[in-house]
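Next, two complexes with chain A in common: one pairs it with chain B, the other with chain C.
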Partner chain A sequence: MSDVDYLAPTSADAAAKALAAGGAAARALAGGTDLLVQLKSGRLKGGLIVDLKHIPGAIGVREEDGAFVIGAATPGATIGEHAGLVRAWPGVVEATHLIGSTQVQGRASMAGNLCNASPAADSVPALIAARATCVIVGPSGRRTVAAEDIPVSPGRTSLKPGEFVLEIRLPARAARSADAYLRSIPRTEMDIAVVGAAVNLTLDSGGTIIEARVALGAVGPTVLIADDAAAAIIGSRLDAAALERLDAAARGACRPISDKRGTAEFRTKIAGVLARRAAAIAYGRARAKGEN
Partner chain B sequence: MGARQHISANVNGDPVEFLAEPGTTLLDALRDELGLTGSKEGCGSGDCGACSVTLDGRLVCSCLVLAVEAQGRRITTIEGMADGGTLHPLQQKFLEHAALQCGFCTPGILVAAKALLDVNPDPTEVEARYWLAGNLCRCTGYDKVIRAVMDAAADLRQERV
Partner chain C sequence: MSDVIDRPAAKAQFKVVGTRPVRPDGADKVTGKAAYGADLMLPGMLTGKIKRSPHAHARIIAIDTKKARALAGVKAVITAADFPDLASEEMAGGESAANVRDIALNCMARNAALYEGHAVAAVAATSASIADEALALIEVTYEVLPHVIDVEAAMAPGAPLLHADIFTKGVEPAPTTPSNIAHRHDLTRGDVNAGFAEADAIAEGRYTTAAVHQGYIEPHACVATFGADGQCQVWSASQGHFAVRTLCAKILGLDTSDIRVTPAEIGGGFGGKTTVYLEPLALALSRQCGAPVRMVMARDEVFRATGPTSGAVIEVKLGARRDGTITAGQIVLKYQAGAFPGSPVHPGVMTALACYDIPNFTITGYDVVTNSPKVTAYRAPGAPISAFGVESAVDDLALKLGMDPIALREKNAVRDGMKAAYGPTFRNIGYVETLEAIRDHPHYQAPLGPNQGRGVAVGFWFNIGGDSTAAVQITDDGAAVVATGNPDIGGSRASMAMMAAEVLGLPIEKVRPIVADTASIGYSMLTGGSRTTFATGMAVTQAAQQIVTDLKRRAAQIWEVAVDQVEWLDGAAVCRDPAKGELTLAALAAKSGETGGPIGAQVSLNAQGAGPGFGAHICDVEVDPETGGVTILRYTAAQDVGRAIHPAYVEGQVQGGVAQGIGWALNEEYIFDTDGKMENAGFLDYRVPVASDLPMIDTILVEVANPRHPFGAKGVGEVPIVPPLGAVANAVRAAIGVRMTDLPLSPPKIRAAIDGR
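The block that comes next holds the complex of A and B.
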């Protein structure tokens, strides 16, 4: 990493200016667990590194009227320590927690996971299922976009020159709502998801699912939103027939590639299984919330 | 190439100053500028944990931190673990249990294990194994490492009461 420059601006506007001035080779730095690996391997050429961690609000979690605002550079370890967030969004927290080792958790952010634009990024299906939005700052001001609109293809985002994510917002939640995320890897730790599945749902007082969202990772060029899979369980109490429909609809949404981590056929089958299991976990969590 | 930047930080309780190019990792600065060669580079890509240090109390891979990011921050390395000539109980237990062979992974494992016991003085074996999943060892097979960590945790709990 010999041909890089480093700036640590202390305001969002200064960061946007620096990124814009740095041109195509300028990169935002959060935890560096993707960026520094890519710079060292030569996959990325050097340029200006703009460290976001000194911008007020870039690190930390705060609650605003039931919604949660997560600073873009907040490391996974910090996210797991916020009791209110863990209670409201157990699926987002468990997905973020799966990223790497304890050491990686000390640095890796959800926004970095999202902006690195890997289809296998663990926190992204959970963020999308949660209807997370991102506050983007750029040279021409601020805008808010849905999390799913940021990655466009492996390694590419919709962010324009000079733009970066300042914070991630998780919406306020109805009572009896919960989420869950599961991934399949060949080991128990430290590997890249072969498939990931996130389910977010809300129940009525009788335990019927009135709202649901299903997102699948590593089975397409970006994380996929499986609307048919959500529709398959809405109106049900997640009985066996609903789970069968969910499984089939999740499989139907998959557009995977075959590679050394798994064939397309294997990934498709596992996506159905994980969607079913994640739905069951989210459902159990939502019911437990209704009971206390 | 970016200009060298002047960095002031605190390492193992002592104020330090050094010059770093923007592309230099914290691991290289610790080893080459400050002469603290206990932290090792096994992979340089965050996979092995041999370079583990704490940054403002958080366990991180120093191979994936820029030296310039250390400005104004608190770092602890394996060199800060023993109290003068007295080994930390974790270090003592690693010797007693023969929890190392070549020793290349050992500084990183010790730093990571201490970070665990600082937040969780009474971990289960499963918790210890998950916490240390980012520390690879090609020699010991991990079993002796885990036994040494569990034994040190028990001793440290005794010391507290």
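The block that comes next holds the complex of A and C.
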């Protein structure tokens, strides 16, 4: 591991300043479960590390009028301890919990998962399906962008020098709404998604889907939003025909590569399968909420 | 759940053997105190690192180390020029012969880099980051050559040649042109054509397996120091420190007596730590700079430059009569050796049909060099590969004949007195008993659900004996210390202590076992071939027996009676004359000065009569037809273990072998890109099973005692990895109705097979 400088600023503005001053070699640090591994392997060379964990609010979850604000460095384990968040966004939470092991969960954050910009990142399809937004702090102030606008290609984000994500926001929920995330890996744990699928949907009182969003991971250079797949189930009660349409539309949205983790053909087929299965889980959850 | 099926010839005669005490090395391991290969720190110690070839095959034109040497903090830089250019020399190893010249060239490339990761230079520096910097400053000029990794491509005429001096051995007349086929092995019996003519059903297949790594968690690590007077010390984790000593002496041109090797605690070997990679380099670096040098591989180096076992092609044809009698077998095995000759194809040939009594067969094996890391022993080397093909074909034969797969195997099973396919006559084997054990186990009749399937497979391993030394010393308070020369890779310290305790009549806590260094105990062959509990256990037992004889003599001397008046009972001498009472070991130890001095014995022997081992496994799987994912639902492994000295650790061996076999079957594989570079040199994409991938693996220990061992032990560590590849594949076939022939059975392949049904 090459030599690095380390700063732990105690305010968002100081962090932005430090990152801006560090230029291209400066990196934000949340849990470090990607960053430190990349430094150790030599994929990243030394430079400046700006630890975000000492910024007030960087760790923790709070509810604001039904919406949730998640500090950028909040580890997965903490996210799962917030009962309200788990109830409102079971898919986002289950996706975050798939990251790594118990040890990794003690550190790994959703913002790190997003800003690492891997197309296979587990929490990202769920965040995008959830219409999550990110509050970004930079040298020239704050802005809010949709989660899907942050990763632009494998390993690259739209963040400008000095910018970092301060918090992630999940919107307030309509009644009878739920989400779900599934991934395909060759093992049962400790693996990278060969395909991931997140479905977020809202039902009317009769059980008809009135709103839906489908996001697919690891089948393109970034997580893909499959609008046709969502359209395929809106207006249905997720009957067999709707599920078939969803499967086909999800496959149609895929633009995967073949690599050591799976062929393009396999990934495409599995995207359809997982979209269908995730939709069924989300639908079941939304109905169960309606009954409560 | 686990069962022990014992032969009537009771075990009640034993007080310690057959019980399950806590292992003597356990507390240090679970509290983090155990000192592994990387844990030793010496004053002034430097960090050694290796420069490796980025090319799968290249001529080394020049190596310029000037800039690296000039870097502050760099204390030594070595290349092949720092080692003698050895002549070819075969030497006996644990389970297979090895060529010292090849091992030396594998440690450090001389004129050619033969695989990506092949060492070309090494440095020692005052810090790891300086060492890294120095590696980057070493300039190697390569001429990149075409490479070949696929075994059949390497055999094809016109393939890129790895060595100009390989003329296939085992072929008459000897070829006059070199090739990548280092060796051809043939094993035949009877007349195969006549045998197939008699057959009513024929099962045939071409199967492939990928190269897989032993996957030990501890990377290779050592510390070496070269004294100013030429006396050297090495500390390393290996399966045989005597082998490390011999190899270091030969590779560096030193006297064996000048090298002392101390074994560190070992974090897994599975055959992969039976050779050297780092130790000769660390010694050469230390010789150059005078300081101790520590070298520890990173995980990607472990994958790129050590292990693995062969990827292979297996062609099998079996014929049987309607009643299930197998009349003929024809098998061709092609195994990757990696960069130097020496794949385990020979044991693959010898074991392929070892479970079957077949009158006519031909088995041909090819040892093929390829531009991939030189293969190293891996648990029952070669046997799982040939068994995968044979067990798949036997399963297909059972289907064609409409026969139960266990019944078909019972019908053709080898039994006592039969001549093994590989030559000798079987005695005291427990194969049929293992088949009966799984046949009668509730697992075999348990109902299956949709998308679920059950597979059966069997396996064989020779197990070996060989040279071992053990010393038993009695302490002044009447306890015992047992020293052997065999690194403990599978709980052998516990077994050694138990056998000594049994003979001495001591409670197990009064017997402390250690693994002694090369200067403190007599020569012992490495821990491999499932030999330690058998061979070294025999030496321990004999040493303890000598002590008992001596103790009786001492008691007789104290009592002034004839020796035949003294018996040894429960750790004490007892006199036939009741007036004399008894003398405990502690009492005799306290008086040892008056009866002949310190009490102890050392036995060196060459153990003969190792009992071969057999296993029979049942595997249930469920296949997700949409994702192609395979879940192992249930697994039961029966094995003839002779006598389980410590049943829990025998069960652990069986479970560990099965776990590795399942990984081999389902997900593990070396993946190379088109340039011959390994794409998955880490545990993320080289997928060994994680705990949640496996069910509890049930074991059935079948005890058919080996009369050549004092307690009846047979080797147990290797057999259990032989059947799982076939058992899993047969279960998958039952679940999806398609025969899968190419390992690993990863989800994309299964989904494609289901789509093609």
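Operating definition for what follows: the second predicted complex is superposed on the first by the 291 of 292 C-alpha atoms of A that agree within 3 Å, B and C clash if a C-alpha of one lies under 4 Å from a C-alpha of the other, contacts with A are read in each partner's own complex, and residues count from 1 in each chain.
By our rule, contacts are C-beta pairs under 8 Å (C-beta built on N, C-alpha and C of every residue); 3 or more make two chains touch, one makes a residue touch a chain.
Please read these numbers as outputs of a predicted model, since none were measured by experiment.
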Dominant contact partner of chain A by residue count, chain C or chain B: B
Partner chain(s) touched by A:A77 [first = chain B, second = chain C, both, neither]: first
First, second, both or neither for A:T33, with chain B first and chain C second: first
Touching partner for A:I49 - first (chain B), second (chain C), both, neither: first
Touched partner set for A:D3, first chain B, second chain C, both or neither: both
Chain B versus chain C as contact partner of A:E291, first or second or both or neither: neither
Partner chain in contact with A:D239 - chain B first, chain C second, else both or neither: neither
Which superposed partner A:E189 touches (first chain B, second chain C, both, neither): both
Partner chain(s) touched by A:E64 [first = chain B, second = chain C, both, neither]: neither
Common interface positions of chain A, toward chain B and toward chain C: 1-3, 188-190
Complex contact set, residues of chain C against chain A: 129, 132, 626-629, 666-667, 671, 679-680, 684-685, 687, 689-690, 692-693, 746-748, 751-752, 755
Footprint of chain A on chain B - complex, ascending: 1-2, 5, 21-25, 44-47, 49, 52, 55, 58-61, 63-66, 68-69, 71, 112, 115-116, 130-135
Touching residues (chain side chain A, partner chain B) in the complex: 1-6, 8, 29, 31-33, 36-37, 39-41, 46, 49, 51, 53, 75, 77, 100-104, 106-107, 188-190
In the complex with chain C, residue positions of chain A that touch it: 1-3, 184, 186-192, 194, 260-263, 265-266, 269-270, 273-274
